[in-house]
Structure formats: C-alpha cells, structure tokens
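Read the structure below first, then the notes.
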Amino acid sequence: MNEIDGMLLVSLFLIPLLSAVFLMLVPSRERSFIIGFTGLSSFVMFIFSLYIFLSYDFSSTDQFQGIFAIPWVSDIGIIGLNGIQLKVGIDGIAAAMILLTGIVILAGTIVSWKITYRIKDFFILLYILVAGVFGTFAMLDLFFWFLLYETALLPMYLLIGVWGSTRKEYGAMKLMMMLVAGSILIFSAIFMIFTEAQLGSFDLELLATVDYNRNFQILVFPLIAIGCGTLGAMFPFHAWSPDGHASAPTAVSMLHAGVLMKLGAFGIIRLGFQLLPEGAAYWGPGLMFLGIVAALYGAVSALKQTDLKLMTGFSSISHMGYVFLGLGTYTVIGISGAVLQMFAHGVMTALFFLLIGAMYDQSHNRDIPNFSGLATKMPVWSIFFVIAGLASLGLPGLSGFVAELHIFIGVFQAYPIIGGLAVLTAAITATYLLRMFSTMFFGPVSSKWDKLNDMTYLERVSATILALSILFLGLWPSPWIDRIADSIQIGIPGALM
Amino acid sequence: MGLFSVIGMQQAWLLTIVPIFGFLIVALFGKRIPRQGDWIIAAVGIFCLFASISIIADFQSFFHGHGFEPNGANVLSFEWINIPNYLLIEYSTFVDSITIVMLFVVSLVGLMVVIYSIGYMQGEVRYHWYFSLLAFFLAAMFTLVTTGNLLQLYLAWEAVGLGSYLLIGFYWEKQSAAEAAKKAFITTRIGDVGLLIGILLLWRASGTFDIQTIIGLAEASYFDSTYLTISMIFLFFGAVGKSAQFPLHVWLPDAMEGPTPVSALIHAATMVVAGVYLVSRMLPIYELIPVAQNLILIIGLITALLAATMGLVSQDIKRVLAYSTVSQLGYMFVALGVGSLSAAMFHLFTHAFFKALLFLGSGSVIHATHKQEISSLGALKNKMPITFLTFTIGALSLAGIPPLAGFWSKDEILLYTGEFGSVFYGLLLFAALLTAIYSTRLVIMIFFGKPKDSEAYEHAHESPKIMNIPLIILAIFATVSGFFIFPFVGQLFGFDDGFMGIVYLYHPHVFHLEFTTMITAISISLLGVLLGYFYWFYEDGRRANNASKWAPEIYNLFLNKYYIDNFYQAFINKFVLGLASIIAWFDDKIVNRSGIDGSAQILNYVGYRLKFLQTGKIPNYVLMMSVGILLFSFILLINY
Amino acid sequence: MLSKVPLPQQFDRLIVTGGIVTSVFVILILTILLILKFVGFISYTEVFFWLISSGMIIGALASVFLKNIVHAVFSLLAPLLGIVAIYLFLGSEFLALAQLLIYGGGVVILLLFALMMTDVQDNPVVIDGSQKPVGFIIAVLIGFVLLYSIFTADIEIATPSSLSLADLGSNIFTQFLIPFLLLGILLDIALTGALLNGKKHKNLQSSDSDE
Amino acid sequence: MIPLENFLILSSILFCIGFYGVLSRKNAILILISVELMLAAVGINFVAFSSFYDTERYSGHIFALFVVAIAAAEVGLALGIIIRLFRERKTINIDEANELKW
C-alpha cells in the first residue's frame, strides 16, 4: 500500500460522511433516489474496503501501511510538532475490520430500504455512524481516533430511540449511558498516555515508540480495557447489550453487534496492546478470566431467554467473551483468533439480526415458544438462520470455528483448564441454538403464522452476502489469518512468546 | 485393473469434492432438475464406489509382503492455515489399511442406500433435499476416513454430525423428529467437546495435528504419560459420543426418527462407527496407556450388555435394531480394548453390511405396512418373501450363526477377549446370547405368527425392485464378507495374510481356527435362537408375556432404558436450566436492576436532592461563586 | 410620584446628622494620622491620603450597612468622590474629572431616580438576609488573601508619573482606537437596551406570553 | 510621595466592603451600589499600577476609563432591568425573583 491508498483510506470515511451531508440536502419525499444513492454509496464503500483489504502489502516490514497524514494542530501550547494530525494507515487487523464494516454496511443498507418512517434521516445517522466506524479503524492519531470513536457511538442513541422497537427509550438510554461512561475512561487513558509520553503529540506511531513506566502501564491498561470492554460487552459491563440489541432496528443491530462491538476489542488492541505492552501482559490473565466468565455467562443466560433478540444479544456477549479470551492470551495465535472472531462474529451476528428483523417485521413477535414449523413456512429464511446458528456454535467449515479454534489453541498454550471451559461453552451454545431451532423451525406448522412470507429478494441478497462471507472465512481463512498474524508479529512484539 | 488406475491414494480428496458438488447442485437447483436430481446423487454414489475400489487397488500395489509401509504416495497435503513459526494446519489425506476398510464400507453401503432411497423416498416432500443431504453426508464421511490430521478429522466429525442432525430431523414437522435431531446433535456435541479438548491437548504438547507424527512421538515417549493418558481419554470421549457408547448412547435409539435408509447408512454402518475408526486410528497410542485402554474395554462391555437388554424389550423395529447397533459397537470397543484392531475392524466391516441390510429390510416392512411397532406386525413372510429372506439372513448374521458374516467377526472378538480375561469373555458371551435372542424375536414377531393388525397386513406388499436389489446385494455381502477372514481370500486379492494382515499393520494376526471358542460361540448363538423361538414362536408369544410378568421390575428397567434418559432429562431440567435461571436472575436482578438501573437510580436520586441547591435566588449563586473564588485564591496563595 | 421624594426638612436632618458624624470621625482619624506623622511612620502626603481614604471607607461601610436605602445611596457619594482625589494623587486629571462627572453626577442621580421610581418608601428597610454572616466571613477571608498578598509581595519601588491629557488622548486614539470604538457601540447598545427594557411595550409582553 | 501599597490596601478594603454588600444585600439597587464600589476599587488598582509601572502606554488608565464607561452603561441597563422587575412584580427584593430554581 502506498500513500494513494492512504488517501483512499481517508475517502473511506469521507464517503459516508459526505453521503450523509448530501442526503441532508435531498428532499425526503425522493424515496427512490435515496434508495439508489445509498445503494451506490454503500457499494462504493464495500468496494473500497475490499480493495484496501486485498492491497495489504505482505512485503512491508512497517507496522502500518498506506500512511497518509494531514497536519492539523501543531506547536500550540502543550501540543508539540505534528501534535494532532489526520493520520490514517492500516495494519492487517484494521484491514480485516474495514472489510467487515464494508460487508455489514452493504448488507445493512440493503435491508434498511424497507424502512418507511423517515428513511432519509435514518440513513443520515447510519452513515455518520459508519463514517465513525471506518475512521476509527483507519485512524492513527489518538485525538481523531477518539473523535471518530465517539462519532460512531452517538448516532446510535437516536437510531435506537427513533426507529427502535419494544423498550426503545430504555434500551437507547442504557446503551448510551454505559458506552459514554466507558468513553470517559478511554478519554482519560488517552490523556494520561499523552501526558506521560511528553511528546506533545497524539500520533499513535510516535507514542508507541515510548517505553512507558511499568507501573504506569499497569495502571492505565485497565482504563482502556474497561472503557473499550464496555463497548465490547465485556462481563460485567455487558448489561447494555441485550437490551440495546433487543430494541434497536435491524440495520442498527447489525451494525452495532456486527461492527461497533468490535471497536471495543479493536481499541484494546490498538491502544492497550500497542502502547502498553507490559500492562497488557500483566492484565492478560484478568482479561482471560473475564472473557471465559462472559462466554459461559452469556451462553448459559441465553439458554433461558425466550426473546429471540435477547437470546442473540446474550449469544453476542458469549462470543465477545471469546474475543477477550483470545486477547487475554496475549499470544500471536490467541490474538489472531480474537481478531478472526471479531470478524466471524460480526458477519454472523449481522446475519442473525437481519433474519430476526425480516421475521419480526411481519410477525411483530419474537417470542421463541410462540413459533413452530417455520422451516416449512419460510424455508430460505430457515436455511440462512441455520447457517448463522451453525457458524455461531462453531461448526467446522464455517467462520466461527476457525476463529474459535485459534482462540482455543491460544488458550490451551497457557491454561488448558480455561481452554476446556471455552470448548464446553461451544457445546452450551449448541444447546441453546438447537433448542431454539427445534422449537421455532421444526415441529408442526402453526396456523397462527399463516401470513408469514419468506424473505424478500432484498433480504435474500444481503443475507447471501453475509452467508457467503461466513462460508468463505470458514473454508479459506488464509487471507484473513495471513494479514492478521503478519501484523501481530510486526506490531505487537510483546505477544511473540 | 487399468480402469482403476486413474484414481490413486493421492486422489482421495476426490471422494470429498465430488459428493460436495453433488450436494451443492442438488440442494440449490434440485427442484428444477428432472427427477429432482436423485440420479445425480446415484451417479455420485457410483463414482465413490468406483473411486474407493481404485484406491484399494492402488493401495494393494503398495502392499509388499506382509506389510504396508506408509509412504508419500498415500499422503496429500496443502496448507490450510499457516502462521509461520506458530501454527500450521494442513488439509491432508492419508490412506492406509484402516482407511480402505472404511472406504469400501462407506461407499458400498452408501450406494446401496442411495439406490434404495430412490424407491423408499418416492413422493416425499423435499425429495431433492434428502438426496443432497445424503451426498453431503458421504462427502463428510469420506473426509473423515481419509483424513491425515486430527483437526481435519474434527471438521469431518462435526460435518457428519451435521448431516446426521439434518437427516434425523428430515421429517421436521414431527415434533419428535425435531427433538430427536436436537438430542442427537447435542449429545454427540458433548462428546465432541472431549474430542476437541483431546486434540488441543495433544497439539499443546506436540505442536502438530498430524496423526502419524503424533503416533510417532508417542511411541518415542515424547509425551508425559499422565498428560497423554488424560488427552487420550478426552479423545476417547469424542468416540463415546459419536459411537453412542454408554453413557452417551441415548441419542441413537431416538435417532430412528429419521428416514429408515438414513438409519441404515448413518446410524448403523458409517457415522456411528466413526468412534471405532478414531480409536482404531489412535490405537498405537492407546496401547501405550493401559488405563485408557481398559476404560475402552469396560465402556464397550457395559454398552454391549446394556444395549442388548434394552433391545430385548423394545417394541419398535428400528429401536431394536438401534439398540443392537449400540451393542455391536460396544463389541467393537471391547475388541479395541483388548488390543485387537483386526477383530474390531473386521466386525465393523461385517456389521456394516448385515446391519444396513436389517435396517433396509425393516424399511421395506415399514414402507409396506406403515407400522413400526412389532406388536402390530406379523405373518408377513408370505407377503414379502424377498424382504423376509434377506432380513432373516441379516438377523441370523447378527445372531452369529455360521457361516454368515456376523459369526466370524464376533468369534474373533470373543477369541481375543477370551485371551484377555475370562470375566470379560463370559459377559460378552452373555451379550451374544441376548443378541441371538432378540434377533430371533424380531424375525418371529415380524414375519411369523398371526397378523395382529389386519389393516397393515392387508396393506402389505412386496417392495419395488429398486428397493429389493440393494437388499439382495447386501444380503450377499452379509453372507460372504465373513470369508475375508480366511487368508486365501486375501491372497486372492493380493494380500498375503488375508484380511487380518491388511488391517493390523503393527503386529499382523493370522487367522486360525480356535475350535473351543468357535463351538462355544456357535452353541451360545444356537441357544439364543432356540430360546427366542421357544418364547415367541409358540402361542403368540404367551411365554414371553409371562416372562415379562415374572419379573416386572427388571422388565420395566429394560423398557425404561435403565432410566438413563430420564436421569439426563432431569439433569437438564433441574440442573442446567436451574443454573440458567439463576444466572438469568442474577443478570436481571443484580447486574441490570441493581447494577445498572440501580446506579442510574442513585444518580437520579442524588440529582433530585441536589437540584434543591438551585434555589433560583441570585445571592445564593453569588455566594457559591464567591466560595469558589475564595478557594481558587487560596490555591493561588499556596502555590505562589 | 414627586410626593415620594424626601422632603426638605428630612434633607436638613440628614445633612446635620451626617455632618456631625463625619466631623467626629474626621477629627478622630486626623488625630491618629497626625500622631503617626509625628512618630515618623508616614509623611504629610500620606496623612492626607489616608484621611481621604478613611472617608471613603466609612462612606462605603455606611452604604453597605445602612438600612435606609436613601442614606445608603447618599453614602456612596463619599467613596465615589474620594476616588477623584485618589486619581489626582496618581496624577490622572482626566480620569478624576471623568469620575466626578460620571459617578458623582450621573450614576448617583440615576440611582436616586431608580429609587424614586421603584417606590422604596413602602419598604425602606432592607429585609434581613440569612447569608449575612457567611458573606461577612467570605469578605473578610478575601480581604485577608488580598492584604496578605500585598504585604508579602516584592513590590518594586517606583515613582508614580502623571499622565497628561494629551498623552491619554493620543493613546486612546491610536493604540486603543478599536476598543474605544467598540466601547462606543457598547454604550449605544446599552442605551437602547435600557430604553427598550424600561419601556412599557404591550406587544413584547404578549409575544412573551405566547411562548 | 505615597507608596503603591497604600493604594492597594485601600482598593482591597473597598473591594471587600463591596463584596460583602453584594452578598448580604437583598435590594437590587443596593447590590448595584455594592458592585459600583467593587468597580471603583478595581479602578484604583488599575490606575495605581499603571502610573507606577506602565509609564509608556498607561494602559491601566485607559482600562479604568473603560471601566468607568462600562460601569455607566451597566448601571443604566441594570436600573432598566430593576424598574422592569419592579413593574412586573411590585418589588425589587432579589430573593423574590427566583424563577430560575429547579
């Protein structure tokens, strides 16, 4: 990757931002134009993200590629030379995450076209959110990183509060409050690092060259871990997740569970692992412990849920637990697994929410025991659901397995007992998913749901995009693993055990 | 042999790829293809049989004298995941003697079942879906048996589980089928947890997934012995789940909810023997650790006995056969437990044919009468002569009547168990007796006596040819496959030591006739058949009824499957769901209500209290402001 | 409304009482200062300065403590006029003049007008405030801080220089031209604001009630 | 010759008196008076420092001039507000103008 690709990275988050601005100028009655425009825009984003993913340069020995910087604030007060600059660049981890975002936003945009209530405003907020997400993944300047991180969070409140369902005000409020509380920790951590480094710069690459005091690292790492962990639904800061997901509209659930939660784990890698390696090594077992607790806790809680979205929400907690488990190992394989799991879970859970949304829009009911025999009524829907479910329970050949395998291997290297528990969690996952399958999909066709139709073509298209990603990652994970492992080996020297 | 030389051992991957394509084509476009694409799957089945035979032929050409040395020709691998210096996972195929036995069994039974299904499934809804799943299952099964590394084995292991799940739940409109599918998948999944833990433990110590490398390392005492024992027991746990051994045997009888041909293929001949295959594959390691091997022996023995007693009282044809399968799998594990790979593989080989035959025969009966309960069948022998004949061959083979196949293989197991210890030998003989009794019972209840359900009887007719041909072919195999034990048969195919020499690479056993064992076995089998005849043939089985009344406790114990299912159900309901309730309660009350909402409410309350500071009186504000100014000025004063 | 203006005889009493109190204080303070002078602590100029200052302080105290509002406003005259003298001490004639005109002439009159218009006669006594003691403590503490910092500061010894009107003028109209113009605009706005605010306008009120 | 301290002391005292007045008085006009006192005190400070040290630009003087002007403007406006307040609620007791509370 070169600087031109770096400009592409900038454009990656400018496209949604400018699209949002442009949409503001479009009269909201121009529904078909809005649909066409968002389709084009999301497709361009998808192509760009795919290009960025593919153009990752394996020959490069630098940690970040495609670096492109525009100075902004320099030499003013405490801000030193090149203090704040719009600096973008990616490593393999970010490349994978950008591709994930590209996929999910394409699918999310397509399913959102059926929204009837204020579709223009919905897309404006959604695209601002996406701009934040792309920017956070690409940004190498902590100031802008945090700015875009917040940009990715804030539209969520309105999106859930306005377009959500069930207890939307409660869900939106809870989600926002907890995430913003987490952001405060990240914010303070960023400024502590900034002050401690005494470089007068927010440049991540520069800050990463500093050897921070060990005690300082041990002190600051939990701030980042908890702050980002809140967004990643880390136990015990997960409470927003089921409620938030349950009340969010389809595309927002997809983006949120699919991408935004990964911002949290990504933040731990970017800030925690790269800036504070010793702190990360010190707190690794703690992270692993929280991870395994979350994995078990989420899975066992999901056994008891009857609301489909709540169940998926708890399942997300469980899967994000795997991510933290992998991160906590602090080994190349473990972190690779965590990043893979981020991708795998992102695509899979997006598919879940898409499907739940497709059904809920017709039935306005998500209570699992209410349904029966949907496989006969909605065969395509059921097949997609089963694919997502099987990926979720870690069936080999689908995305979940590859990721979980790496995590398990990483954990087994250090703590076989925790590894055993993690493997057991996969069985519990199978239990709740299969219980749900046998109740909802199988069994006699219930006449109550005679009016349910199978998925529309738009939904099929976006579900196919996601399902293909699941299969692709599951069968041929090398493109991801090569990039991720390469970056970890270059970028996180502490993990080279 | 020129025709067969196209596909060698290195091309074993074709066995995965071709069925997968068959699956994809039929699953996606099946509805638009003439005959819903069943002919595609049949072609796939024929190809697989052809490929298997040509691989066997290739194998034979690498077979020199008394042994087969694994070499490059039987291995193919490419990197699937590679993190340099950290992790290497390959896709690899490996063909050796165990593989070729499995290949032949899977491809032959598979083809028979596919052909049979064309008749049996005629007119079903989701016809194409059924056939595509068969292809999927075959692909997974072939991957499983040709794999060279443990991780790929796990992949295929799970994939066959998925195939089994989808096929058991094929009639998903029936709630019982859905439940059975769920039960099968979850139960085997619990075993798979052990398998994966075992694999990862082995990886942790050795850094590789390659089976032959691990075996080599183990033989070179690379592993700590306790560690190895634990890992191998975990690995065996996977086999327990998949092969329906005690205590995870509960899923197999329920799995009979699936279409009957599926039961023949998956739940008798192929998938359920995956555990046997796994243990066979790893047997060189198990032989190094007596603890694990004894465990295998004991589990096998318990299963063989328990399942046989349950089979004795079950009222459903397919369930009787399922219990019989469980029991026979127990036999195979006993053989592995006493260290006789050849006996286990031989029994696997013969069992696959006669059990598939029995299942397909029962399918034929069910197809004709639409009844599964043996209490409503009877006197069908004249109505369905071919089914009757083939079924009886299968049952006698199962009972161990010479010269049918089952006799020879069971005899081998008994022989080696006898060498191992007389207690085991005695118990196994008892199981053999029970086997003979219930196979006789089954035949008598279905084909003899008076028709108990006149409607079913009137309705009964012989099955179409497409179903009968597989029955006949399998009956032939059920008869002759036992003769593979004689060295001259093996020599006929170019293997010097016959079947025993092929399978057991490490210490080849040569078959010899052990007359004491043989006569004991024959007499036990005949005794069993006579007892069955005596109890069920006369007076419409009044004696059998009396026998069940004679000891109702035991009868009920058998009938209720030793209450193991009930125990599991109670465990899940009380313990697992209880735990889930506790955690859900914890999450709701402690984390959400108290933790999150609680802190929000505290903030709310504090805010409510604090708002009264906002008096609206300007002097108050000024006062506050001045206090602030004062504080700041004091700070300045102290600092300067 | 004019009837509410203090009557002449009340003015007489005010002037007489004020005069007596003032002269007593002046004599007292003058005595103390002269003693200090003769002891040698301070110079004559300083005697004069402190005499004026004490007058200012007394006036200020009176304006803050007196209960009668009218008295309080009149007492404000003392510090305001004292400042004129202080400015003269500091050599700034123009400021002194401006102070005299604006404060002595304008502000106090304005305050009196306001008093007049707000009908203070009805409640001439200020209601006792509950935060008086706290306010007192805070004021004392702030005074302590200020005085402490004055006494501990290293004040460079310098001589004050007087500022000529010409210098002031040239400074204002060159260096401080823009602030000066802005000040003019501010005054203009303040004037307009005061006008609009004090005016009885019905339509504004009605639009208020609309909201 | 008067030292600078004297001016500063005077201004401090005046300032504190004014401050106390602001805090303790309830009548809006009296608060205004106290504010005037504080402004006067500040003016003294400015002019004193300026004529002692800033003999080049006399910014303190000019600042004091500005303060005077702004104080005048402020008084004008404040009195306007007070009159308005009186007109609306027949009182200028500042405690009763407490609409801003919770």
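Letters A, B, C and D mark the chains in the order given here, with residues in each chain numbered from 1 onward.
The definition used in the following text is that a contact is a pair of C-beta atoms (placed from the backbone, for glycine too) under 8 Å apart; a residue touches a chain by one contact, two chains touch by 3 or more.
The shown structure was predicted, so the numbers you read here are calculated from the model rather than taken from an experiment.
Asks: Comparing chain centres built from Cα atoms against the global Cα centre, which chain wins on proximity?
Replies: Located nearest the centre of all protein C-alpha atoms is chain A.
Asks: Which chain pair shares more contacting C-beta pairs: B-D, or C-D?
Replies: Contact tally favours C-D.
Asks: On a C-alpha centroid basis, what's the spacing between chain B and chain D, in Å?
Replies: Centre separation, chain B to chain D: 94 Å.
Asks: Can you compute the centre-to-centre distance for chain A and chain C, using the mean CA position of each chain? Integer Å is fine.
Replies: Each chain's C-alpha centroid was found; their separation is 66 Å.
Asks: Just the number, please: Cα centre separation of chain C and chain D in whole Å.
Replies: 8
Asks: List the centre-to-centre spacing of chain A and chain B in whole Å, with centres computed as mean CA coordinates.
Replies: About 38 Å, centre to centre.
Asks: Give me the residue numbers in chain C that touch at least two other chains, ranges are fine.
Replies: Within chain C, residues 129, 131, 134-135, 138, 142 contact more than one other chain.
Asks: Which residue numbers or ranges of chain B touch two or more of the other chains?
Replies: Correct list: 619, 623, 626.
Asks: Would you pick out the residues of chain A that each touch at least 2 other chains?
Replies: There are none in chain A.
Asks: Chain A touches which residues of chain B in the complex?
Replies: Residues 79-83, 86-87, 151, 154-156, 158-159, 162, 169, 172-175, 177-179, 181-182, 185-186, 189-190, 192-193, 196-197, 200-201, 203-204, 576-577, 579-581, 583-584, 587, 591-592, 595-597, 600 of chain B touch chain A in their complex.
Asks: For chain B, which residues count as touching chain D in their complex?
Replies: 611-612, 614-619, 622-623, 626
Asks: In the complex of these two chains, what residues of chain A are touching chain B?
Replies: 174, 177-178, 236, 238-240, 243, 297, 300-301, 303-305, 332-333, 336, 373, 375-376, 390, 393, 395-397, 401-402, 405-406, 408-409, 412-413, 416, 419-420, 423-424, 426-427, 430-431, 434-435, 437-438, 441-445, 477-478, 481-482, 485
Asks: Please give the residue numbers of chain C that touch chain D in the complex, ascending.
Replies: Of all residues in chain C, those touching chain D are 43, 45-46, 49-50, 53, 56-57, 60-61, 63-64, 69, 72-73, 76, 79-80, 83, 86-87, 89-92, 94-95, 98-99, 102-103, 106-107, 110-111, 113-115, 117-120, 123, 126-127, 129, 131-132, 134-136, 138-140, 142-143, 146-147, 150-151, 155-163, 167-168, 171-172, 175-176, 179, 183, 186-187, 190-191, 193-195, 197-198, 200.
Asks: In their shared complex, at which residues does chain D touch chain B?
Replies: Chain D residues touching chain B: 19, 22-23, 26, 94-95, 97-102.
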